[in-house]
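Next come two complexes, and both contain chain A; in the first it sits with chain B, in the second with chain C.
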Partner chain A sequence: MGFWLELAASGLITGGIYAVVAMGLNLQYGLMRIMNISHGEFLMVGAYLTWWAQTILQVNPLVFLPVVALMLFVLGLLVYRLCFRPIARTAANAEVVEARSLLVAFGLMFIVQNLAYLVWGADLRGYTFLSDSVEIGGARFGANRLLVFGFALAASLALLAALKFTLFGKAVRAMMQSPTGAQLVGIDTAVLHPAVFGAGIALAGVAGALLSMVYEISPSMGEPYTVTALIVITLGGLGSAGGCLAGGLLLGLVEAFGMHFTSPSLKMLLSYGVFILVLLARPRGLFAR
Partner chain B sequence: MSAALSIRGLSAGYGPIAVLQGIDIEAAAGRLTVIVGPNGAGKTTLLKAVSGLIPREGEVLLDGARLSGSPASIVRRGLGHVPEGRQLFAQMSVLETLQLGAWLLPRGERSARLDEVLAAFPKLAERRNQLAGTMSGGEQQMLAVGRALMNRPRMMMLDEPSLGLAPKMIEELLKIVLRIRDSGTTVLLVEQNVAKALAIAEFAYVVERGRVVLGGSAKEVLASEEVRTAYLGTV
Partner chain C sequence: MTMSGFRERPSRVTIAALATGVLALAVAPWVLNEFLLSLALTCLMYAGLAVSWAMFSGATNYLSLATAAFFGIGAYVTALGYESLTYPVSVFLGGLAASAFAAIVGVAILHLRGAYFAVLTFGLGELVRHAITFVEKKYSGTVGRVLTETPEAATVYLTVLVVALAAVAVCVAVRSSRFGLALAGIGADEQRAQTLGVNTRLVKIGGFALSAFFAGALGAAMAVRWTYIDPPAVFNPFIGFQTVLIAMVGGAQTVAGPLVASIVFSLLTELLRLQFPYLFLIILGTLLILLVLYLPGGIASLWTRKRAGKRDG
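Let's look at the complex of A and B:
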């Protein structure tokens, strides 16, 4: 029993991180059709900034979490201004935004990743944080892993609640559902677009900071998370934050159990298998009505 | 409360395609002005250009003050626009949609305005928790009008509100349009139901191929032989 609980918990912990990363990308892609495939690179930047703060300044990574969110938010504003605002302004329609942003983000991915190699080197980095194990219901979990899951879940639920209950969150959803309708109630896209893009990048940074508490980090760590985020968005449905949370947790569980019954080397195959199955059976997402 | 809209020398289009060429239209304060014309004449483009949804050349003045900039800044100045196709938020409830309509109102005024609009549209009040995308065409149109009214516009533009609706619903919607005018709001109505629109309007313009070809009081326009032949099928 304890073993299965540990396996399920391991899947949910990974899934929680997937949900946060995917929610960030969903804000960018769902709202503005910006196909930011460099999203995972900002997760990596968040991880390195937290590692720096922990090793150089001896700052507790949990205390640093809001700081990394703010730093990545500002970085997101800058990236939007330099890379994606010109596209959003000149593109004739959403399809053109999608195609052009994909190419720009592809370049951005290499730039950010190589800058990381330049600044932090190629070695794996890491630090020890709350590595003691805790026993719950006969199963043993690393305290840091439980903490990461708690924070990932809290971040996801906070975003969900903000989108559902605040007028600003409703404005973001309105922009996703009808950009013209949103403009005609007076929502200023020139303010909302960069803010939401920045929030998406901030979520990636938070996910990176959480990951650094559990795993070793490297400049190439972000890329697989971008792919996973795209799979989770497909599972949960474009523009749906709740779908991202459920999709992320589900994919985490599928990977954990799938790898147990097959082989850990088949992790990506399992993810892509789920991706293709969902695209074939429910192309609008598992939870679309 | 009401405001006069002046459109002078307005040209607009989509990229290299010029749709409107030097349009001049006046909408008198507190009155209902209707724009009629065949499909593809540029009526929808005209309203989009006025509310800043597409780039334009020429001048648009609301009570003598220039309307320019983003749609948000134009809406802030008191212009309401019920667009073609309604542009509702399909996955949002009636209540959420109306709350968003009050986006630009001061926080303290939002709740009172919501009560006023719900009182004016009992059908919306009944269905306050229903998702906009699941409502009938007429109810959606009412919601689109209610959403625009939430911001207390001084000037309201409606783009073919009767399109695709049953005759009874059209009557109801035109009554709503008259109520908006009677409350002191200037109304500019684009309508394909020419006879009905000219019967309730004070002023009218006929737009064909991106130009105004006729304008004046609704009675004059209704009496014109061209309009009777081309739009009403009578001489």
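Let's look at the complex of A and C:
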């Protein structure tokens, strides 16, 4: 019993991180059709900033979490201003935005990842943080893992609540439903787009900061998360934050149990298998009405 | 791109220039030293990949990242048939295998557009790669194969040259055919093309498979350059990315654009990558962003714009 609980928990913990990363990407893609392939790189930046704060300044990573979010939010604003606003302004339609933003994001990916190699080197880095284990119901969990899961879930739920209950969230949802309609009722794209893009990047940074508490980090850690995030978005449906949360947790569970029954080297194969099945059977996402 | 652009006849000067170029390329193995020959080989490989990619994806606006998968499948055909097949046969079979794979996959995924198609095709490369790794581990115990006797550099070069030239020739021929117009029609407005009587499904599958043939053949031809073949080397996503970048930076709606861009990129790669691996990719990234933002039609728009201006004035 304890073993299955541990397996499920490890799936949910990875799934929680997937959900946060995917929600960030979903905000960017769902709202602006920005296909940000470099999303995972900002996760890596968040992880390294947290590692820096922990090893150089001895700051508690949890205390540093909001700082990471803020720093990446500002970075996101800057990236949007420099790279994506010109595309949004000149492109004729959404398809053009998608294709061009994909290319620009490839460029960003090269830049950010290799800057990280130059600054931080290619070695694996890490620090220990709350690694004692806790026993619940006969199963043992690392305290840091439980904490990471808690924070990932909290971040996801906070975003869901913000989208549902605040005026800003309402504006975002309106913009997703109908960009023209939203502009007609006075929602300002010039404010909303950069802010939402920044929020998406901030979420990636938060996920990276959380990951750094559990795993070792390297400049190439971000890429697999980008791909996973794309899979989760597909599972959950474009523009659906709730779908992202459910999809992320589900994918985490599928991976954990799938790897247990087959072999750990099949992890990516399993995610792609799920991805392809969903796209073929339910191309609008598992939870589409 | 105006419709008349598709049916333009090349002038005599262009034909003469082309013939000289091909001749110069063909004698290269006896003129160039080893380093320059390998540089030329890289140029030719990316030229073939980018042109064949643009033939389908540039025309239809289906952003395919499957090049790495096709390339890897071709390379694996060479690796598997190395002892029983001759080199040209395995190159041809590599192309056919990639083509067949593209056709089967195309049936399933070519109804998806935009980012979904891009991500799914990217996933294909990874999927095939992980699947091959898994099968090799399970049944032969080792991952990868060693090629003992490889053909001479000149043979490899000439084979890649032939495949690349074939890719360009087929691409030019397709563009002025009904088939090519149907592909371009799908890119402009798929529903309209359907209404006008184009069997979009068949045309898309055909185009996808045709463009995969060249990627597979190039993979099979280039495989002998690595003496050791393993999945991470031949299903390298960088090959796929680079192909897409070259085609789009050059101008995916043209033939000449990707050709020019493949030379520029290969030179940049060879000159900078070894000395400054990280800086090189940062420069590449910056260049890419600047080009997309300020020259969205690709390098080709430098001369097509000029020509369009002349015609109007």
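Just so we're on the same page, the second predicted complex is superposed on the first by the 289 of 289 C-alpha atoms of A that agree within 3 Å, B and C clash if a C-alpha of one lies under 4 Å from a C-alpha of the other, contacts with A are read in each partner's own complex, and residues count from 1 in each chain.
Criterion: contacts are C-beta pairs under 8 Å (C-beta built on N, C-alpha and C of every residue); 3 or more make two chains touch, one makes a residue touch a chain.
In this text the structure is predicted, and so the values were computed from the model without any measurement.
Engineer: So, on chain A, is it clash or fit between chain B and chain C?
Structural biologist: fit
Engineer: Just chain B (first), just chain C (second), both, or neither: which does A:143 touch?
Structural biologist: neither
Engineer: With both complexes overlaid on chain A, does A:227 touch chain B (first), chain C (second), both or neither?
Structural biologist: Touch status of A:227: second partner only.
Engineer: Is the number of chain A residues in contact higher for chain B or for chain C?
Structural biologist: Touching more of chain A: C.
Engineer: Quick check for you: in the superposed arrangement, does A:180 touch first (chain B), second (chain C), both or neither?
Structural biologist: first
Engineer: Is A:111 in contact with chain B, with chain C, with both, or with neither (first, second, both, neither)?
Structural biologist: Touch status of A:111: second partner only.
Engineer: Looking at A:190 after the superposition, I want to know if it touches chain B, chain C, both of them or none. Which is it: first, second, both, neither?
Structural biologist: A:190: touches chain B, not chain C.
Engineer: Given the touch rule stated above, what does A:90 touch, chain B (first), chain C (second), both, or neither?
Structural biologist: second
Engineer: Thinking of the overlay built on chain A, is A:63 touched by chain B (first), by chain C (second), by both, or by neither?
Structural biologist: Once the two structures are laid over each other on A, A:63 reaches no partner at all.
Engineer: At the CA centre of chain A, how far apart in angle are the CA centres of chain B and chain C, to the nearest 10 degrees?
Structural biologist: One gets 90 degrees for this angle.
Engineer: Have a look at where A:269 lands relative to chain B and chain C in the superposition and call it first, second, both or neither.
Structural biologist: second
Engineer: To be precise, I mean the smallest distance between any C-alpha of chain B and any C-alpha of chain C in the superposed model; what is it in Å?
Structural biologist: Across the overlay, chain B reaches chain C at a minimum of 14 Å between C-alpha atoms.
Engineer: For chain A, which residues count as touching chain B in their complex?
Structural biologist: My answer: residues 92, 167, 170-171, 173-174, 177-178, 180-190.
Engineer: Which chain A residues qualify as touching chain C in the complex?
Structural biologist: Touching chain C from chain A are residues 29, 35, 83, 86-87, 90, 95, 98-100, 102-104, 106-111, 113-115, 117-118, 227, 230-231, 234, 263, 265-266, 268-269, 272-273, 275-276, 279-280, 283.
Engineer: Which residues of chain B touch chain A in the complex?
Structural biologist: 15, 51, 53, 70-73, 75-76, 81, 83, 86-92, 96, 99-101, 103-104, 147-148, 150-151
Engineer: Tell me, which parts of chain C touch chain A in their complex?
Structural biologist: Listed in rising order, the residues are 61, 63, 108-109, 112-116, 118-120, 122-123, 126-127, 130-131, 133-134, 137, 241, 244-245, 248, 277-279, 281-282, 284-289, 292-293, 296.
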